[in-house]
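Here chain A shows up in two complexes: once beside chain B, once beside chain C.
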Partner chain A sequence: MENASKSPLANEPLLRIEGVSKIYDGHIKAVDQVTLNVASGEIFALLGGSGCGKSTLLRMLAGFETPSQGRIYLGGTDITELPAYQRPINMMFQSYALFPHLSVSDNIAFGLRRDGMAKEAIAERVEAMLKLVQLSQYAKRKPHQLSGGQQQRVALARSIAKQPKLLLLDEPLGALDKKLRVSTQIELVNIIEEVGVTCVLVTHDQEEAMTMATRMAVMSAGSFLQVGSPKAIYQQPNSRQVADFIGSVNIFDGPVKENHTHYLLVQCADALLRVPSIQACHDGIAVGVAIRPEKMALSRKKPTAKINHVSGVITEMTYFGAHTSYHVKLASGKVLQVQVQSQADEDNADLSWGDQVYVSWGDSAMVLLTQ
Partner chain B sequence: MNSTALKWFGRSWMLLVYAFLFLPIFTLVAYSFNDSQLVTVWSHASLRWYKALMQDSDLIAAVMLSLKIAFLSALISVFFGLFSAFALHRYRRFTGRGLLSSLASTPLVMPDVIVGLSLLLMLVSVQQALGYPERGLFTILLGHALLGTAYATVVVRSRLTEMDSKLEEAAMDLGCRPWQVFTLVTLPLLMPALLSAFLLTFTLSFDDVVLSSFLSGPGYSTMPMVIFSRARLGLNPSINALATVTIVIVSVVVIASTLYSLRQDRQRKRDIALAQHE
Partner chain C sequence: MASLMQSLKRSMPAWLTGRRLVIGLPYAWFLILAFLPVLIVLKISLSEMQTTAVSGMVSWQGAWPSIKLDVSSYLFLASDELYLATYLSSISYAFYTTVICLGLGYPFAYFMARAPKKWQALLVMLIMLPFWTSFLLRIYAWKTLLVNNGLINNALLAIGWIDSPIEMLNTPFSLMIGMVYSYLPFMILPLYANLSKLDGRYLEAAADLGCHPFKTFWLITVPLSKAGIVAGCMLVFIPAVGEYVIPELLGGPNTLMIGRVLWDEFFSNNDWPMAGAVTIVMLLLIMLPLAIYNKLQSEGRA
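== the complex of A and B ==
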């Protein structure tokens, strides 16, 4: 399992956050001892619910807040005390914060003008940016004369116009409606990769984090719960909270009954589970076994394997096209969520409410959660 | 009562309200074209009182003084109002913030008579001690600017409150030093509020009679003071003429600005609709 402080990065990372805390009013810890390295070229996502400290951390990177403790380094230079206007870092705001009194091209040129760049160079750069976000024909418009998606692209163009070393995105798609979001996600990543800028983004939407980020951190109560690639976090969550936050999950609870070299036996209310694990646990200790809904299978017939299946009654089924989602109520009263691909579901085409079914899964589907 | 009767009741009530509000003004305008010496008796139409107004040097001097005071006090009010509103909005904690905040709003609720009297008492004792200031234009200006600053602060502050603070952060993020944030982003966005604060404080000063009466000295009579004192001696129809001129000017300005903002609004809505369409 990856740890924030032991990130496997060979050289000096572009961004190094060392033990940063932000304490309000002497005791409210908005951010608590966060340590993180972000390598050049990465798109790093800070994921968490509201009030988890992700925005405060982002604001400290931008320079709008000063850390109460810890240091922030960018390319090896300590920028902890540097004011926002001197940092080679730009931010795309959630509500875009486009200047309403300036035209699209003046918005994009705003930062360049502050650098005292030559007029021709600014015009050239603005034009290149407009072309990059495909808004060349809207250069003279005011922000309120654009649609939400167009405004978002202007905000992006403005934040990368100065060629920052680090780009910060605050809920980059939060203000768009759902339909636009998916296409914009891909477009945004393409542009960021084309420019090659390192990026830290904040989001509460796990899908957004998973599709956009190369690496991500799940945050709660001011600290990181887990840092890793979206795939690693989804498949190997290190805690109940992370498993719960990323996607939907079924968790069986129970004490460890027997400890073996390669597996543990966990006694749950509905079944005895054999969980592959190299982690030794004391007998009797309470653990959770997490299984993703899409890694479960449904059938009327009793599975041939002796272990790792439960039986229950279908209480709800919803057809989504590509897959069907079932709720299966077990004898203990626990309700499992099972998601079955439509193609694989042909045998079960006649399954319906109230049917008695068996739910089974493979060994690798289970993740042991000790915290 | 059935619905038709209710409708007619509503309409006539409305008519009564309009009559109550506008009839006096129409009467005033009509009688300004009256040839009679008396304000209440109609003889025949003429421009006699407009001619009289042109020759009434006292009244014209008073109008000029009022305009001058209104313009200057509006400028001063907007200037100080801008900075006090900005300080109150931006800095959440500083020594004397509570005091400044309540001082800025006290003149709004305090009766003018009290403000005028206390200013007069203060100015008299200052004059006794320092030999300055003589009561006149400066002291009237001082009183009007005091009142105006309070109003301007309220207007600018409410605009600041509804302004997106992220805009200022964005400016800073893009390399603006704090004073550049103010001049390049905050100030342009406050322009409409500053303009309305200017118009409001101008009007307040222009029709103030209470403060001016307390604070003026010999030889300094503002237009409302002159009208007020003449009204006590028996009104002269040239006052009607002056009022009519004022009403015409105000109406033209108000109608023009309403039409302008209506057009802007319609243009804006059309632009937004167009943008959503694309």
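== the complex of A and C ==
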């Protein structure tokens, strides 16, 4: 997934968003001072819950909203004031917005016709697009005669037919059912990479963002919490909010007890944690230590290591096939989520409700959260 | 309560299910209040006039009923060119009324649908407001505006734009003013209902694909509001063809409209079969194109 994305510093990035804000009614900040560079060829995801401002930001890129502050540059040109119909940017709408009175091929040809392309060239391009999304035999159908997945592909074909410099995807898989979503995700990324178009996509589904994007931003209350590759954000979340939003996570709270060169000691209710950190923290400051459920291990025997384990009672157990999820209640009342791969689980096959167990983890599993 | 329903159910004949009742009621309504009257008119049109009443169609010759159809009214209708001219003139007045109403009503409905939500209710009220006064009164008011020494002519004379009053009343012009004025709400309301439901994302999608707003209007908004346009045009055209009051009050003696012919046949000539024939032919003239249009529509959709 790590694409050969050029360094944004090497030359002008394809898309440059500079201090963009959108303020409604004089005081409601939908988007607050967002700055972002997207390099050519990237698939960039804006991830956040509803009302976080991701859609407003996307609509400003499309030209449906004008920023209250800041500038937007595309390929070095300021497009902040350019009306939507003059931007070399196309969007795949949430629930597609396919023109209901036009056939599939007329929907795809709509944008090409506006460019005054020759009739033959349009027909050729439409055919190529239909082939790309494997809908050639549906050219004459009306949108309402297609399934949701087919409509999604028509919407994609329509949005890339004009070979836009930037493709915007608004919740591209939001209208599909879960099973179809996974296969469509892969298909969508394949097509986008085949065409080689730069993408900005908006989603509230972290899985969708992680699998599709080369880089992503986690948004909340109109601004970015963290920007980085999906892997970096998952493994090194920079705040409680990000850690919480991306996947499930266990967070131990407590004050810093001791500061050492390569690690900190954090005194939590259930254990003293030794957290590797190059970041110096004042003693006594309250921090969080995040550990992903799949990085924890369960055992009946007390681990040999002196630190980084806690003990508790299994209160819940859910078998998922590939893994099993346990809820372990600690002495302090805190409930940990632990995910154990089925293969590794053979030793613990007889674990069940009410059993006293030890939960342990490696040094690298812990991420220090100072905010 | 439940036992009451049960006993009610038991007392109903087996074929009378709730489902049949629900579907049957509108049909019964239509049969009694629309179809039956048309049949009666058809019967009158095929009868003979006997001084003050129409003749009976069925007479009994012993045990055998004999049905006498008199098509002379239809033959006369076909032979006298005045009827044809009146039909054509009625249809063309109705047509122009419809076109002008559409031309004025569409932009009105369009901006109404796009007005801030809090204004929309008020605007709809303003459209409905004229209905609160008598229709006759409103048409009569136009008479006083348009007459030679009326408000409009006096005003134009006063500011010196004209030297002598313009002949407006009792011309096709005054007729059209009255028709458009009266029927405009029937065009605006269905159009507004349709346009206010238009999904703004289609307009955004068009803009996104490089379509100028003006072009978007013709390529997206108008086609998507087709149902509203058709509804509005029918609501205006159909009653406009048979309009009687407006041509009578504003049209003067020279404007030919079928509504006035009907009146004359009924009340001046006392020729009910002829009036019936005029009505039936008018009904066919309006219904046939609509039926064909509907058929084409449903075939196109299939």
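Definition applied: the second predicted complex is superposed on the first by the 362 of 371 C-alpha atoms of A that agree within 3 Å, B and C clash if a C-alpha of one lies under 4 Å from a C-alpha of the other, contacts with A are read in each partner's own complex, and residues count from 1 in each chain.
In this section, a contact is a pair of C-beta atoms (placed from the backbone, for glycine too) under 8 Å apart; a residue touches a chain by one contact, two chains touch by 3 or more.
Model, not experiment: these values are computed from the prediction.
> So if we stack both complexes on chain A, do chain B and chain C clash, or do they fit?
clash
> Tell me which partner A:Arg158 touches in the superposition: chain B (first), chain C (second), both or neither.
both
> Between chain B and chain C, whom does A:Leu146 touch in the aligned arrangement: first, second, both, or neither?
In the superposition, A:Leu146 contacts chain B only.
> Looking at A:Phe64 after the superposition, I want to know if it touches chain B, chain C, both of them or none. Which is it: first, second, both, neither?
Both chain B and chain C are touched by A:Phe64.
> Just checking: does A:His101 make contact with chain B only, chain C only, both, or neither of them? Give me first, second, both or neither.
Touch status of A:His101: both partners.
> For the overlaid complexes, name the partner, chain B or chain C, with more touching residues on chain A.
Counting residues of chain A touched by each partner, the higher count goes to B.
> Now for A:Phe110: first (chain B), second (chain C), both, or neither, which partner does it touch?
both
> Residue overlap on chain A between the chain B contact set and the chain C contact set?
In chain A, residues 62-64, 83-85, 89-91, 93, 95, 97-101, 110-111, 114-115, 158, 162 are touched by chain B and also by chain C.
> Would you mind writing out the residues of chain A in touch with chain B in their complex?
Chain A reaches chain B through residues 62-64, 83-85, 89-91, 93-95, 97-101, 110-111, 114-115, 141-142, 144-147, 150, 158, 162.
> Going by the contact rule set out above, which residues of chain C touch chain A in the complex?
Of all residues in chain C, those touching chain A are 199, 201-202, 204-213, 215, 219-220, 223-224, 226.
> Where on chain A does chain C make contact in their complex?
62-64, 83-86, 89-91, 93, 95, 97-101, 110-111, 114-115, 158-159, 162
> Show which residues of chain B lie in contact with chain A when the two form their complex.
Touch list, chain B to chain A: 164, 166-167, 169-177, 180, 184-185, 188-189, 268, 271-272, 274-276, 278.
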